Every structure is written in C-alpha cells, then in structure tokens.
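Everything on this sheet refers to the single structure shown next.
Order of writing sets the labels: A, B and C. Residues in every chain begin at 1.
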C-alpha cells in the first residue's frame, strides 16, 4: 500500500469522528498523560485493570492497549484475560514491551503475553524490540542503548512470526509488517526527555488501529501524528515541562495542512 | 436556603483559612492532578489506600473522598473500612462512581459501597448517576452518553434514598438534595478534554464539605468554583494541555470579584 | 568539606554526563513528575516495584530511591528486597519517609525499612524527620506542622545512628551528617503548593548520590539545585500549575551562571 499525508489525514479524521473507546492496561507513570493524549487526539480512554472487569471493559472497547511499564502479577494476569477477550471479539490489541531486556521478569512475562493474543501492533524502542525478538538485549532501565536501525531485523522477524505490525521508535521510527516497511522521520530530540511519550505513541497506535483495519497504515499514521505534534510542540517549548503541555495542545489542534507540510515518510529499504 | 456568590465566596475563604486535610482513595490516573487541585484551592490532600492505615488516616482527616476509577479488590476493601471510620467520626464522605454502568463489577462494587456510609455527596456524570440509581445504564467507558438533564430524576431518587447531596455534572451541573435543587451553568467545553476534571470536582466537594456542613451548599460551591476556574483557564489556553495547567493557576488565584462577575447559578425547576 | 557553587556545578555536570539510572520505588501520586524531573536533570529514571524484579533492577541501577507515600504490603516487601540488593552492590540508597507520624503503619513500616539498608540519605519534612527519630510526631497528613529548625536535632541523631546524610526540607533546608551541617536557603513559597516536589527532591538526592560519593555534598547539591530551579520557575509562574511546568524547564536548562548567582548556602551552627 502506498502511504502519504492523505491516508494519515483520513485516519486522524476517523479517530476524531468515531472517538473510539481505547481500553488501557498501562503503567502508573503514564496513566494521566496517556489518557490526556487519547482525549487530545479525539479518542475516549478508559483505564481498568481488575481481573473482575477487564473482560467486560474489553468487550465494550474498540482497541486494547497493554503496557508492562510497572508490571506485577495481578496486573499480568489481568492483561492475559483482557487480551484473550479482545482477540475473541476481534478488536485490535497493541503491546508495549517497556523495559523488556532490563530484567528477566519483564522479558519472560512479555513473551508469555505474546502467546495470548493475535496482535495488531507491537511498539517499543530498539533495545526492547531486540530483546523481545530473543536477541542479546541492550535495554538500560526503560531507555534504549541501541539504534533503531539495529532493531529493524528483529522487528521484521517479530512481524512475520506474530502477523502484526511492529514499530521501532527512535529518531527515525521504523514500522514493518508483512505488507511493507516505512520510515517516519518526524520528531524532535526533546521528546525522549518527557517521560512516557513512547507509551503515548503505543496508545495512539491503539486509537488508530481502532478505526483503520490495515495495521501497518494505522501504526504509520499514529507515529507520524506523534512526530509532527512533537515538532510543533518543541518549536514552542523552553524545556521538557512546557513540551509535555504543548504536545497535548498540538495533538488537539493538529490539522491537515500541518500534516501535509511536515510529514517526512518514506518506504524503508527492503530487508 | 438561598445561594448566591456570597455563600460561595465565604465557603472558599473557609477552605483557604482552614486548609482541611482531605483523605482521598482515588484512581491512579488522577492522583497527581487531584492532589494539585486540592493544594491549589487551599486544602491539604493525602492519598492512602492500605487497609493497615486507612482508618487511622480517616481519623485525622476532615473529609474522605472515595473514587472507584481504577478499582481492584484490595482497594475496595480499604474503601469500605475508610468509609466506616469516617462515618463513625462524623466527617463528610464523598463518592465518585467513575464508570458505574460500564462493567457489572463497577456497578456491583459501588452499590455495595453505598451501603457502607452515610454519605455527604455523590458526584458523577449523567450516565453514572443513572446507573447508580439502578436504571438502564448508558455509560461508555468513563464518559457519559446521556444528558445531565436526563439524570436529574435519578439524582433526586438517590438524594432521597441516601440523604445526601447528588451532583450530576455536565455542561450544566445539577445539584440536588432534600433541601433544594440548583443548576450551575459555569464551565467550558474544553474541560471534558482534560482527563480527571470530574474527579477533581469530586475532591473539591470533599474540601468544601469539610468546612460547610450544609451538603447542598458545599456541593454547589465546589461546582461553581470548578466551572468558573474552568472558564478563566479556557480563556488563556490553546488546548487541553495548557488548560490543565491554567486550571490549577485559576483555582489558586480565584478571587471574590471573579466569582461575583461570572457565577451563573439558578434554582432548578421543581421535580 | 567546604561546599560552594563550584562543587554543586561539578556534581550537576556529572549527573548530566553520566545519566545515572535511578531505580525508584515511589508513590502513585508523583511517579510521573519524579520521572520527568530525573529526565530533566539528565538522569535516567526507572520505576519498578514487583518483588519478581526489584533485585534485578537494583542490580543495573546506580542509585535506589524508596518513597513510602502510598505504601501497601506488597510494595513494602519489594522495598526491603530492593534495599538489600542495593546495599549488597554498594549503590546509594535514599529514603523518603512520606507521612511518617501520620499513621502508626507508616511509622512502623518506615522504621523497619531503616534496619534493612545502609542508607546514603534520608530526606523528609520536619514533622517526618521528628517522627522517624522517635520523637513525638506532628505530621498532619503528608504536610509538616513543625519548623525545619525544630527537626535539626532529630536529623543529627538519625545521621549519627544510621551513618547517612539527613535532609530536613522547608523554607530553609538543613542537611546534616557526621561530616558537617549545611543550610540551603534557596527556594520559593510556591513550591509546597505543587504536589510531590519533596518527593522530587528525594529522587534528585538519588541522582546526585549516584555520581558523588560524599553523601553530604550530594544532598546539598540536590537541594540547592531544587531550590534554585524553584526560584527561577516561580519568577515565571502565575500559580502552582505553571510552576510545575516551569520547574521542569528550569531544571533542564539550569546553568552554572544561575547557580553561582543564586546559591544561598551556609554552614549550619554546630549542635
């Protein structure tokens, strides 16, 4: 599929028109900023993690986003239940492998979760994607110590094995699936200085996958919107504090003209 | 009781003068923004949820606020213990039924909690109040799909049954109790685009109920302060990011002149 | 040791150059703002609390920060395991006794944790430090009802008993250890109106202790940086909302000239 500003604008309009309910089981650090980003882009966020209700919440949602940033056993059990319910209903499931590779528990837990769901999207940084794919990990805490380029093979491998789109985010975001591979070159160096913008990207992948059945396209659209909003926000910011605020404002008011003018998207070199 | 800007200004002055300690058992998404809003208005927030200490914390607090936004069993048990301790001491207990109607677990849990406490205030959106009252629910995630007007009968019903004030928040906020019914018409459409402003409203109801024994008056004052601060903040904001920031600034510096100039309060039509 | 702007500037440069990984087991209210402050100052934050991984996370970190602001039993068990692992590896451990003195559970739990680790730093408000030291407590929720001055003896006592640096924060911050005692007079009255800036101070103590083996010096540096960033932020803020944002921007762009011009540091009177 050819992708350009036109498709991204269409998908953003669909998110705003349909306001999909996105069920998040995510980490404590980013719950507020994730909910705010989903609201800013036009989606409707809900956070719920109790085993007693995750299946019911997934049953009314249009996408499920699972993020293991501050995992513990009761949450992991709920993640598995929610994922199974989401798969049974056919709604897209998006995974964020925060910190996989940093501790054996994260790596083991995430790999077990991978078996629970037919995934739509995995989004992580390079270290995380390399670790998920079973290669020697280079994750340092929750930050990456590998370049995005070095993780593209791991991403292709995961995309093939799980039949999903995989995004390696970094200064250049790589999005790969059986259907193709794209590079999103938008973004700004201030973005990784705000905690949780990676988690926000994953949540937006959920919002776009809720309205766009092509997973590759949905993920490219989400990452392009992230990067463009990040550029606009950075141009108005004095540091990471104002960046976090301006990023939400930029998501909220992002228009088709800005997407057309700023989009830096190109097909990735073939494997 | 007649209510006007004068009573609201008096109650706000009392909050600022007494800095009541408000004990919150609330959801992960809003803990930071709730604590900041309570500090901004002049109250003293504390968050504590361990069964081992909730009774002791309620014992030194001037109000208890319970919000089920991200509930799970250990938290529900602590909520029940805290509510019982608060009732025993005679401090006001304020409930926020986040997402009631969206899953059976929330509905069931909240109704069980209702039996635990002599409540001062329940504040929710229209869908939630309708679902709490046992009518057919229309809650979509944590957002309302019903109009505030449609929930006023349910609110009256709950107010009578539990002897408390009930607030249905929306573009117009309805506050009802055995003592009367009021409409607060302040507010701004950007407010629901910031996550957790409903939860903040509930926490402010706790702060005002801590200093004002008339529950209806305390709730009207809290909702008026919310709406007026929201209007001021929106007039300075470019989107939901700056709105969240400016809202705290507006709460902090809200003065009697702004309340007098902006207040839109009127008695609600009788049932 | 003599301390002046020179040492603080050096330590800040070390934090920025080494980007130490700081492992936080902290409270829900401040996780986002703590992570953002650590990123803004140039450190790399990670939050992890599962018993299954805290030892592995502490094993790759350069400092461990433990904060009991929203404690519960599973978290307390993980705190103890992480502290033991950190001590075994010789990385600095920093404790924040949030709310000690407010409930018996907090006081008991914190004192038990004190026995688990050879500490680098304890930072709390006056009420908390007094309560930790076993004196009659005056903690009201999580806010202090005692003056920092009144807690200095308690701080000296704790510093001697545990062989660590102890900071009593307030309008004047007192930092004491066997190696000396200092007063940091920087800061602004708007700081306590933003939730969690005390917790942020503790996390920065961890970042500085990760690069500066002298605990007294590291703690003075962290508190000076907090206070100076707070002054700069307050000069640009209209209230606590913009203060929270501007504080992160000020941490991020803090330079040696500002430290030299603004630092108000003096040796404390001897005991």
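Just so we're on the same page, a contact is a pair of C-beta atoms (placed from the backbone, for glycine too) under 8 Å apart; a residue touches a chain by one contact, two chains touch by 3 or more.
Here the structure is a predicted model, which is why all the values come from computation and not from measurement.
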item: Inter-copy rotation, subunit B to subunit C, in degrees (Cα atoms; steps of 5); value: 120
item: Interface composition of copies subunit A and subunit B: same or different, split at half; value: different
item: Between subunit A and subunit B, centroid-to-centroid distance (C-alpha), Å; value: 33
item: Two or more partner chains touched - positions in subunit A; value: 28, 32, 244-245
item: For the subunit A and subunit B complex, residues of the former touching the latter; value: 21, 23, 28, 31-32, 35-36, 39-40, 44-53, 56-57, 60-61, 74, 244-253
item: Subunit A residues touching subunit C - in the complex, by the definition given at the top; value: 27-30, 32-33, 69-73, 99, 102-106, 140-143, 192-196, 237-242, 244-245
